[in-house]
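Here chain A shows up in two complexes: once beside chain B, once beside chain C.
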Partner chain A sequence: MPLWTLRGLRRGVVTTRYPARPDPSAGLLPTPPAFRPGALTRDLAERLATVCPSRALARDGDVLVFDAGACTACGRCRAEAPEATASSGEFELAATARAHLIKRIPVRPA
Partner chain B sequence: MTAIQPSVASRPGLNDLLTGFGPDAAGDGPVITVRVPVAGLEAAVRRIAAHPGARLADVFASAGGPVTLRLVWGLDADRRYLITESLIDGDSYPSLSAIAPAAFAEECEIYEQFGIRPADGRPLNRVALPPGAGPDWPRLGRAPAGPPAGVHAPHHVGGHAFEFPFGPVRQVAVESLYYGLVTSGEELVDLYLFTWHKHRGVEWRLRGLTPRDALFQVERTEGLGAVGNAWAFAAAAEAALGLQPPPRAMAARAIALELERLYNHAAATAALCQSTGLVIGQAAAEIALERLLRVNAAVFGHRYLFGVVDIGGTRAEPDLAALRSDLPGAYGELKRAADALMSTNSFLDRLEATGILAEEAARRLGLVGPVARATGLAADTRADHPAWPYGEFPLAVAVADTGDVLARFRVMLTEAAESVRLIGEIGGAAAGPGLALSPAAGPGRLAGSGLGWAESSRGESMAWVALDGSGRITRARLRPAAVRNWRGFDDACRSQNVFTDIPIIEASFWLTVAGTSR
Partner chain C sequence: MTGQGTTDLTVPENAEELRRTVTRLFGRSLHIRTLDTGSCAACEQEIRLLAAPHYDLNRLGFFFTPAPRHADLLMVTGPMVRAFEDAARKTYDAIPDPKIVVATGACALGGVYQPDAFTHGGVGGTLPVDVWIPGCPPSPLALLQGLLVAVGRLAEKVKSLDFSLNGTPT
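Up next is the complex of A and B:
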């Protein structure tokens, strides 16, 4: 067993300084989508709501409602409409109230 | 895996077996399907079970006018799968588990999902649906006339033994699983599991979807087996649609499948260290695990390799430069940890002679993967039912013979080294310029049925798909390796083990509840 202790000491610290400094692997993590409002139409918002498997997207009139708390970052919306969506790169989603995770994004009528 | 190797000539023994099913039973393809009248099912099961090398790989039913009962047999020595189809007119069918004990879990599941039962009237356990599942619960068929016999078949706890309930909520992020431990204080007398807490009705949800839409859910059925299960499902759909993925896509799938095996074996190594209290060894294995997950993300864009497999091809192309630069270091980390573990006597002592499973039990229960190979069964679909590229890059199947936790650990380590070798060889084949990742033409047909398989890190993953005239799923059967191997877990636990051996045995099986509780 002392050999394991020596081995651990020799291997040293492998954890990163996150959250003081960004973790370099974060760029490889799937993250929730970011939407380009100018590219969103009612029809497209409806399609996005249909393909979202966790019901994180819904259309409410001329607004796309995005619940980041329900999003699993599966990427289906990005595959459906790459012209209107992108990966946000945002994975720090903690909020003090559930409502803070829900975003309302205006869409064009047509 | 979609079997695209040249057809294998039928062996005389196979011809004899098939002759018994009538003139239409012959075939050169990798999957042979025969119709068996229910009156002749018992005799057919006896005949197939007696065929050298035959093992019962799955049993499932499909709804219709009469329910169709299908038995899938792996004829590994013949490099074939044999499917028997029987229409069940009434509420019962001949008992299969009386002849092939491996069928009991499926007899229970079919009773819960379709309401038909073996004719011998033996008590059936609850294995699939939770106790609150009433007549209106979403089922694949009709509800049974009565509930299963409680949550477990009646049993007697005698002498000074008592039952110790453990779970379903367990430590940290371990999946929901209930253990019924029957003990006399320290030694384990009996063990049974409740696996239905995580039931999500995945097979029910897949009905009416196109195979491509269904693939998304199939990948997420068992997150640690995304590639193996998705490949099996895609291969089943491809067989139904008459699609043939191009070689480059098959090579990409194989690289992803071996990467999945590597990170799972690293995770099992970490779990073994945790269960034996070797914290520094656990940290060393987890460093390797994290590096392997980052290799996955760098090569295919996802740490758990979601989104790689597609129907007819692959969606993601491997970044071979990242593979060549990152994999040696990540695997080296695992190898150094494993070498140190294999020279740590206090660790090996806990593994040796713990959770012994005999080869006869593994064969009788139809176990697969490292669990079966550690008992001496050299069963591996990459060798027995190879699809390109596996047929072109021969595999050295890792086998041990003591059947204990140490044997399973040795098999995993040998397999990890073999995976790295295969990735290197297959990576060269995947690098051809201008090769397609998906077939040039669409499916030749929309309706049909097919069987698919892949050797996941836990063993043979299998799927069967039936599509209607519009190309939508009427029945999808998912059979991850965990479905087979949980039935060997209680046997391994009963082999003169004590309480503290159970986590060690569970880590060495490295199964998932999600895989069996679909």
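Up next is the complex of A and C:
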């Protein structure tokens, strides 16, 4: 009988915590990009918005609006501007409101 | 979720109170119905993997059910094609209160498809979504985290992220 069965009988809880231990595959997952505000110009923000196939990026004045919910982590923005983007490494992105996924990243005025 | 006589199953009006009730009722036994509203099935692949031994969602007290009437949580994938709208509403109505709707994947969140003659471009306009799980497709780990956020066992993480690197430009 596995140990957790006994533990469950004793404590009345048979479920375990998440994650029980860090997942070894977590580092291999494609993740949405993160941006370097210092390296973002208006032109570059505009170009990133054009290159994004899923409408996750848009420029709003001096702000790059990044919708992490729409992002498919395709990597096209990272290929377009490797100096201004990097992998965020974040994949646990569940949100209780859609607005929580929309991020505003300041852009250096041109 | 069958009536035990002693459990109060009336739905409270207050949202915060409802959240607490849902957590109390669902915390460690939650039944999930998945609903494909026109997805490419990548999300389904990842959802299927949740039941595999590596992720094993049963250990966390989550179970898949084939019947909406047995479900507590509706996991919706795909951009909600218009032809499926009726069926989606019926599925939602068939789930007993209180219920949770989880939009899963970038299509369901409105990222990939624009609203047009064939699709709504997201499930938000058709069903009242409680938790949004981004990803294309979301990995099983992301799905597990989303389910735990939905029942209030994990705190939402993305709200505090800003997706900007504070290092100097290179």
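We take it that the second predicted complex is superposed on the first by the 91 of 110 C-alpha atoms of A that agree within 3 Å, B and C clash if a C-alpha of one lies under 4 Å from a C-alpha of the other, contacts with A are read in each partner's own complex, and residues count from 1 in each chain.
The rule is short, and it goes like this: a residue touches a chain if its C-beta (ideal position, glycine included) is under 8 Å from a C-beta of that chain, and two chains touch if they have at least 3 such contacts.
Owing to the predicted nature of the structure, the values given are computational and were not obtained by experimental measurement.
**Student:** With both complexes overlaid on chain A, does A:103 touch chain B (first), chain C (second), both or neither?
**Tutor:** Once the two structures are laid over each other on A, A:103 reaches chain C alone.
**Student:** Between chain B and chain C, whom does A:34 touch in the aligned arrangement: first, second, both, or neither?
**Tutor:** It touches chain C, and chain B stays clear.
**Student:** Between chain B (first) and chain C (second), which, if any, makes contact with A:91: first, second, both or neither?
**Tutor:** In the superposition, A:91 contacts chain C only.
**Student:** Check whether chain B or chain C contacts more residues of chain A in the superposed model.
**Tutor:** Answer, by number of touched residues of chain A: C.
**Student:** So, A:48: does it touch chain B (first), chain C (second), both, or neither?
**Tutor:** After superposition on chain A, A:48 lies in contact with neither partner.
**Student:** According to the stated criteria, A:73 is in contact with first (chain B), second (chain C), both, or neither; which is it?
**Tutor:** A:73 sits against chain C, while chain B stays out of touch.
**Student:** Could you tell me if A:81 is touching chain B, chain C, both of them or neither one (first, second, both, neither)?
**Tutor:** neither
**Student:** I'd like to check the shared interface: which positions of chain A are touched by both chain B and chain C across the two complexes?
**Tutor:** Overlap of chain B and chain C footprints on chain A: residues 25, 29, 74.
**Student:** Residues of chain C touching chain A in their complex?
**Tutor:** Per the touch definition, chain C meets chain A at residues 28, 59-61, 106, 109-112, 114, 124, 129-136, 138-139, 141-142, 144-146, 148-150, 153-154, 156-159, 161-165, 167-170.
**Student:** Flag every residue of chain A that touches chain C in the complex, lowest number first.
**Tutor:** 13, 15-16, 18-19, 23, 25-26, 29, 32-39, 54-56, 66-74, 83-84, 86, 88, 90-98, 100-101, 103, 105-106
**Student:** Considering the complex alone, what residue numbers of chain B touch chain A?
**Tutor:** 216-217, 278, 280-281, 283-284, 287, 294, 297-298, 301-303, 306-307, 340, 344, 346
**Student:** How about chain A: which of its residues touch chain B in the complex?
**Tutor:** 1, 3-5, 7-8, 11, 14, 25, 28-30, 53, 74-76
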